[in-house]
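To start, the structure under review is shown below, and the notes come after it.
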Amino acid sequence: MKTSLLAHATAPEFSNWLDNERATVLVPVGALEQHGPHLPLGTDSLLATAVSLGAAERTGAKVAQTLNYGYKSQQKSGGGNHLRGTLSLDADNLIGIARDITRSFLQQGVRNVVFVNGHYENYQFLYEGVDLALRELGLSDPAGPSVLLLSYWDYVSESTLATVYPQGFPGWDIEHGGVLETSLMLHLHPELVHMDKAVEHNPALLPRFDRLPVVPERTPHTGALSAPSGSTAQKGRLLFERTVTDLATDLSTELGLER
Amino acid sequence: MKTSLLAHATAPEFSNWLDNERATVLVPVGALEQHGPHLPLGTDSLLATAVSLGAAERTGAKVAQTLNYGYKSQQKSGGGNHLRGTLSLDADNLIGIARDITRSFLQQGVRNVVFVNGHYENYQFLYEGVDLALRELGLSDPAGPSVLLLSYWDYVSESTLATVYPQGFPGWDIEHGGVLETSLMLHLHPELVHMDKAVEHNPALLPRFDRLPVVPERTPHTGALSAPSGSTAQKGRLLFERTVTDLATDLSTELGLER
Amino acid sequence: MKTSLLAHATAPEFSNWLDNERATVLVPVGALEQHGPHLPLGTDSLLATAVSLGAAERTGAKVAQTLNYGYKSQQKSGGGNHLRGTLSLDADNLIGIARDITRSFLQQGVRNVVFVNGHYENYQFLYEGVDLALRELGLSDPAGPSVLLLSYWDYVSESTLATVYPQGFPGWDIEHGGVLETSLMLHLHPELVHMDKAVEHNPALLPRFDRLPVVPERTPHTGALSAPSGSTAQKGRLLFERTVTDLATDLSTELGLER
Amino acid sequence: MKTSLLAHATAPEFSNWLDNERATVLVPVGALEQHGPHLPLGTDSLLATAVSLGAAERTGAKVAQTLNYGYKSQQKSGGGNHLRGTLSLDADNLIGIARDITRSFLQQGVRNVVFVNGHYENYQFLYEGVDLALRELGLSDPAGPSVLLLSYWDYVSESTLATVYPQGFPGWDIEHGGVLETSLMLHLHPELVHMDKAVEHNPALLPRFDRLPVVPERTPHTGALSAPSGSTAQKGRLLFERTVTDLATDLSTELGLER
Amino acid sequence: MKTSLLAHATAPEFSNWLDNERATVLVPVGALEQHGPHLPLGTDSLLATAVSLGAAERTGAKVAQTLNYGYKSQQKSGGGNHLRGTLSLDADNLIGIARDITRSFLQQGVRNVVFVNGHYENYQFLYEGVDLALRELGLSDPAGPSVLLLSYWDYVSESTLATVYPQGFPGWDIEHGGVLETSLMLHLHPELVHMDKAVEHNPALLPRFDRLPVVPERTPHTGALSAPSGSTAQKGRLLFERTVTDLATDLSTELGLER
Amino acid sequence: MKTSLLAHATAPEFSNWLDNERATVLVPVGALEQHGPHLPLGTDSLLATAVSLGAAERTGAKVAQTLNYGYKSQQKSGGGNHLRGTLSLDADNLIGIARDITRSFLQQGVRNVVFVNGHYENYQFLYEGVDLALRELGLSDPAGPSVLLLSYWDYVSESTLATVYPQGFPGWDIEHGGVLETSLMLHLHPELVHMDKAVEHNPALLPRFDRLPVVPERTPHTGALSAPSGSTAQKGRLLFERTVTDLATDLSTELGLER
């Protein structure tokens, strides 16, 4: 089974791989969400998929089909669910998908499932789905099959941030459509980035609470929470390489993958 | 908005398109399912996506991100859910996804949503999801926003079948991994088809009832319900062109799309 | 336990039967749905019940109380859910009922449960309910307790169709309130059939897609999808006898029932 | 529309009736539950249906198809769900059915829906289903469409009890398979009652709490909570006539039905 | 572990108690519901908590945090859910909470869980939650871990009623804001009772059916179903002491608690 | 209505308050969760309640009954759900409770509902419940009724942290049973804190991913994620006063509350 993509493997290839390896499947999870005037709606899915593929190539893990729709955009992390271009799932469905996919893969004989998240708001619902699947399967032995969850930016180190944001990192909460995502996209999918449409503006200043219904004017008019000024493909490459390397190292260490 | 793929459009492009056109979004729905030794697990998703893109290019509709996971494989139409390589959602989650996506798109201002199904077992659950979304939104006027559902093979005409199956069409129920899917894949994704692995065997002879738990030996050992012998890229092209053309015609007529 | 109807048996009779036989329970599933001007709303329930009783008498199986409400009528198979006289369940409830009944019967010691469906739209939801029950009970051995699902018209053979439709069978999809159902009702419940109210009209010509909200004028004004002209009690008797005989044979062979 | 049974009416008959009368539909709700050695499993459904038909004939209301499966038998009111012959639904499905049926009938134009319950444990779940349907439909005006819920024994008066139980009424809680149900069945379905199998025993003495898992020996070995000694068809006729008359009077007064 | 309140114990105290005793946890369940002009909204929660604490002190059981929100108020038992001050949960959430709490406590090693209900309408939903949890945990042995359910007024004996209601007990159904609850509150929380606001009125005269939407004028204008006239702290003390004593005796006998 | 506690108000008091003020209700949300050897299981509920009461007194808002059970403890924020003393709700129930309570309060006429969270893992599920309630009620106007969500530690400012942690703040993620919670409890409920049981240990060093099933040894043996050394009632008072003051200011400004 040469391909890293499960969707491209045949059933016998998949079956052989299950038997012969410490089979680990990475599941990228994204969203269809507005990302300002310069980034495409599929940014979160594209980045989660790219990071998963990068880590898979370095560890022998395989990449499942991407979960393309995510939880609702929240104003403090994604501008809000009222914005055009943001399509969302209710919590129960995202929980259910994570549960079904975890159950399905583990029942087929996959040893480890790793959810690689690219949309901040998804995280807790993926967690619940995984927990429910493990309870249903009666799995509680940490030495047995396992599931890992992570958001790819958890693998961006302090030192990388210092390089990417020479004037100081403004905080993860407003990194939506900002320098990190834009730089990664410039590195990975430059044809989908429109830097000429990028608008300079101050970072969003949001209250300490969430308010619903959303007060739309609290989101910057671009929909991005911080401006992408200073984004470069070079920074993107640095971010991507370090993230993927660290993630691959972690997966290898934690799950005994060898390459 | 030049791209047919919503995931590649920016939010302002999407927003402008919503305002200025009779906005129609096609949602391909597939599965991750074993398709015998010669076809990849992602066959249903790949075909539904390709048909959607083909119809979109002819009608000005846009294609949303593909729903990559489908309902359980049933023995009489897909060999059964016990087979390795078949990963599935429970009905409630597939219903929920169809509901959320229908609601989301219509609330954003999309005029028509069209689910283009590529995995037989999905259909009734997509239908229920759409029905629930319309009830929730209070939409019952046939002159207002609408949702269409179809499986792409509903657009394969009798005359096309006569060409593709010169010795007679064996029936849709056992067309899983058979000549139709294989020919389409040979036309659209030849690098993912392994005709050298294809096995000649008689079509599956299944009882008139469904039985659960499944009796595994009733499914041919390949996992395909009929053999792909006789599949060619040329047949695939014929199938694809006629299907896409007929679908595009139907969408244009039914939804007033112009191109 | 002489009666074929579980509702008429006492608990000790049921309990003894459970212990001493290869206990098989048939569950008829119908609907409350308009069937044109000549057939009663309960047609699907009445037919599923009659077929179940016929098969039970020939196999020693017992018939559980009928599930009297079904899934929504779809325009392409039942005229649509907007029509007066059509009362429906959402998918989740029909799934849940099938799940609960399957679980209940199997936990009581019933060996086989057979759902005998009389309303087209029910099928996939019954299937899901059964699958969920078996997963919950941890049953995956095909040699253990089992569940069969079928729609009674799956047992109408090609040769029977040729007799009943001398000018050619118009297709199952538009057989709603048509010759098959009407003939069966004329044979089984003639007092509930009003042939004087039957209206001659062409078969429905429906598009290849489903559209929601429904365009009402696509359904013939009678609510039936094809006219009942040519229906006779004699055809009904033929249909009933052959269907019940073939079903009984299948049940006996598949489940080892003897009589 | 002469018939009282909706299942026996045609769609045009039903539709005319909807337009011309203060249309009221009674929905009998029962169970498939052990009722001791002398009564059939379908007792609750049979009694709820008979009472509904009796009240319908006196008021011009119509009777919908019976809901044949009910909530779990509880030890203090039905002996317990562990007993053979007792088949049950989970709460969510019974709630869902009541919700769907209420919604369906009201949306079709029915003015009043009346649930006539014959299985003690069903009540609260029917209530919730009705409440959810009304909330969903936005109905809160008491002068508009309405839903009534009742258990038929709520219409057994003190004076009737004094006649039926000359030595004092032992209490509703242990009236399961006892004199009331047995007498009613002797009046309505004598061929289904086996008084020769009836066993004399003391009334059940159950604790003030419910305990789960059930302690089986707390239920009398017959499964009935009190003995049917003293049951007669004459008492059954009295119970039935008074109950039906009082119910019909209440319905007429409350809903403005005239006859 | 000296405290009776789990919320006040530390984890090691709780853990030791689990290991060394026949650990029984009481879970008070109340509501936030109008109780007429003289009683506070939290009456049901306060009373269920007080009874639980009283029983715990006499048996060594511990009291979990109170479930403060209950099922909808029904007109015949609580005046109706339309009244200001009545905040309610849907059935599925109350069922779910009872299920989760039962599962959680039993999985931690608690031997017995006892739900002490103080709001009439909660009961059936708590029952369902418990049943689902036991099914999920596979517990069906009556000699193993167990769950008890009760409403505290089930422990008010006939003789106590005779003392408290010298002119005859009007019936549990209209005991909402009446003498029983008021007297208990005068004994336990006199500072929260406003007898000066109490209004004399006849007991509610409600029909034998439930009607939805509610006809508001059928509820007495105070919101109480019977007047609190004659309530005294002395009666409250009697009620409380006898209830708690009988409950403690029952728990000790049933669960083998010793003190 | 003098009391800040809704549970202590009568229905007429509540009703008057609804009519005459810009009625705002605070809903404290906690958990029953192990908090190391020195803090009680109810810590999160106690703190959320205390902060709510403090803010209510400064703004005229009222405090609803506390939600005493929360979402599962996650290893990276609470040590993990496997620990004794941690009792949890599944996501769907916490979502449902938040939804029901939001709907109930807004339908009663409350203008603003504010969830004051004290258990990290609850947040996203509360958010979803609120969003579903607003969608159901059709509320999307930011000038209309609103709901705020916050965790009380969002109101601990940088400058306060600098005072409380003179050697640097170790991060919110491991503040479970640490200096912040312990100091607050020493200030508010000193009798429930056992500093003599507090154990010195290094902060937890947890991986960047979540892993399920949990590897128990990654949680410090105390169950706390950082040691409480250095906690004082004085720090607690500072934390409490500043938090409550800032929260009250925010509520007043945002919701137009006056005092």
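Residue numbering begins at 1 within each chain, and the chains themselves are lettered A, B, C, D, E and F in the order written.
Here is the rule we go by: a contact is a pair of C-beta atoms (placed from the backbone, for glycine too) under 8 Å apart; a residue touches a chain by one contact, two chains touch by 3 or more.
For reference, the UniProt names are A, B, C, D, E, F = Creatinine amidohydrolase.
Quantities reported herein were computed from a predicted structural model and do not represent experimental measurements.
*Asks:* Quick check on the contact graph: shortest path length from subunit D (Creatinine amidohydrolase) to subunit F (Creatinine amidohydrolase), in steps?
*Replies:* Minimum number of steps from subunit D (Creatinine amidohydrolase) to subunit F (Creatinine amidohydrolase): 2.
*Asks:* Out of curiosity, which chains are bumping into both subunit C (Creatinine amidohydrolase) and subunit E (Creatinine amidohydrolase)?
*Replies:* D
*Asks:* Which chains does subunit D (Creatinine amidohydrolase) share as contact partners with subunit E (Creatinine amidohydrolase)?
*Replies:* Intersection of subunit D (Creatinine amidohydrolase) and subunit E (Creatinine amidohydrolase) contact lists gives nothing.
*Asks:* How big is the rotation relating subunit A (Creatinine amidohydrolase) to subunit D (Creatinine amidohydrolase) when the fit is done on Cα atoms? Please round to the nearest 5 degrees.
*Replies:* 180
*Asks:* If you line up contacts by residue number, which pair in C-D, A-F or E-F shares over half of them with D-E? Let me know.
*Replies:* Over half of the D-E contact pairs recur in A-F.
*Asks:* How many angstrom lie between the CA centroids of subunit A (Creatinine amidohydrolase) and subunit C (Creatinine amidohydrolase), rounded to a whole number?
*Replies:* Roughly 47 Å, centre to centre.
*Asks:* State, to the nearest whole Å, the distance from the C-alpha centre of subunit B (Creatinine amidohydrolase) to the C-alpha centre of subunit C (Creatinine amidohydrolase).
*Replies:* Each chain reduced to its C-alpha mean, subunit B (Creatinine amidohydrolase) and subunit C (Creatinine amidohydrolase) end up 28 Å apart.
*Asks:* List the centre-to-centre spacing of subunit B (Creatinine amidohydrolase) and subunit E (Creatinine amidohydrolase) in whole Å, with centres computed as mean CA coordinates.
*Replies:* Whole-Å distance between the two chain centres: 54.
*Asks:* Show the residues in subunit E (Creatinine amidohydrolase) shared as contacts by 2 or more other chains, in ascending order.
*Replies:* Touching at least two other chains: 90, 92.
*Asks:* Listed in ring order from subunit C (Creatinine amidohydrolase), and going the way that reaches subunit D (Creatinine amidohydrolase) first, which chains are there?
*Replies:* C, D, E, F, A, B
*Asks:* Of all residues in subunit C (Creatinine amidohydrolase), which touch subunit D (Creatinine amidohydrolase) in the complex?
*Replies:* Within the complex, subunit C (Creatinine amidohydrolase) touches subunit D (Creatinine amidohydrolase) at residues 5-12, 14-15, 18, 32, 34-42, 45-46, 64-69, 83-90, 92-93, 96-97, 99-101, 104-105, 108-109, 192, 194, 197, 223.
*Asks:* Across the complex, what residues on subunit A (Creatinine amidohydrolase) touch subunit F (Creatinine amidohydrolase)?
*Replies:* Its residues touching subunit F (Creatinine amidohydrolase) are 71-72, 74, 81-82, 90-92, 95, 114, 121, 123-125, 127-128, 130-132, 134, 139-142, 144, 146-150, 154-155, 207-216, 250, 254.
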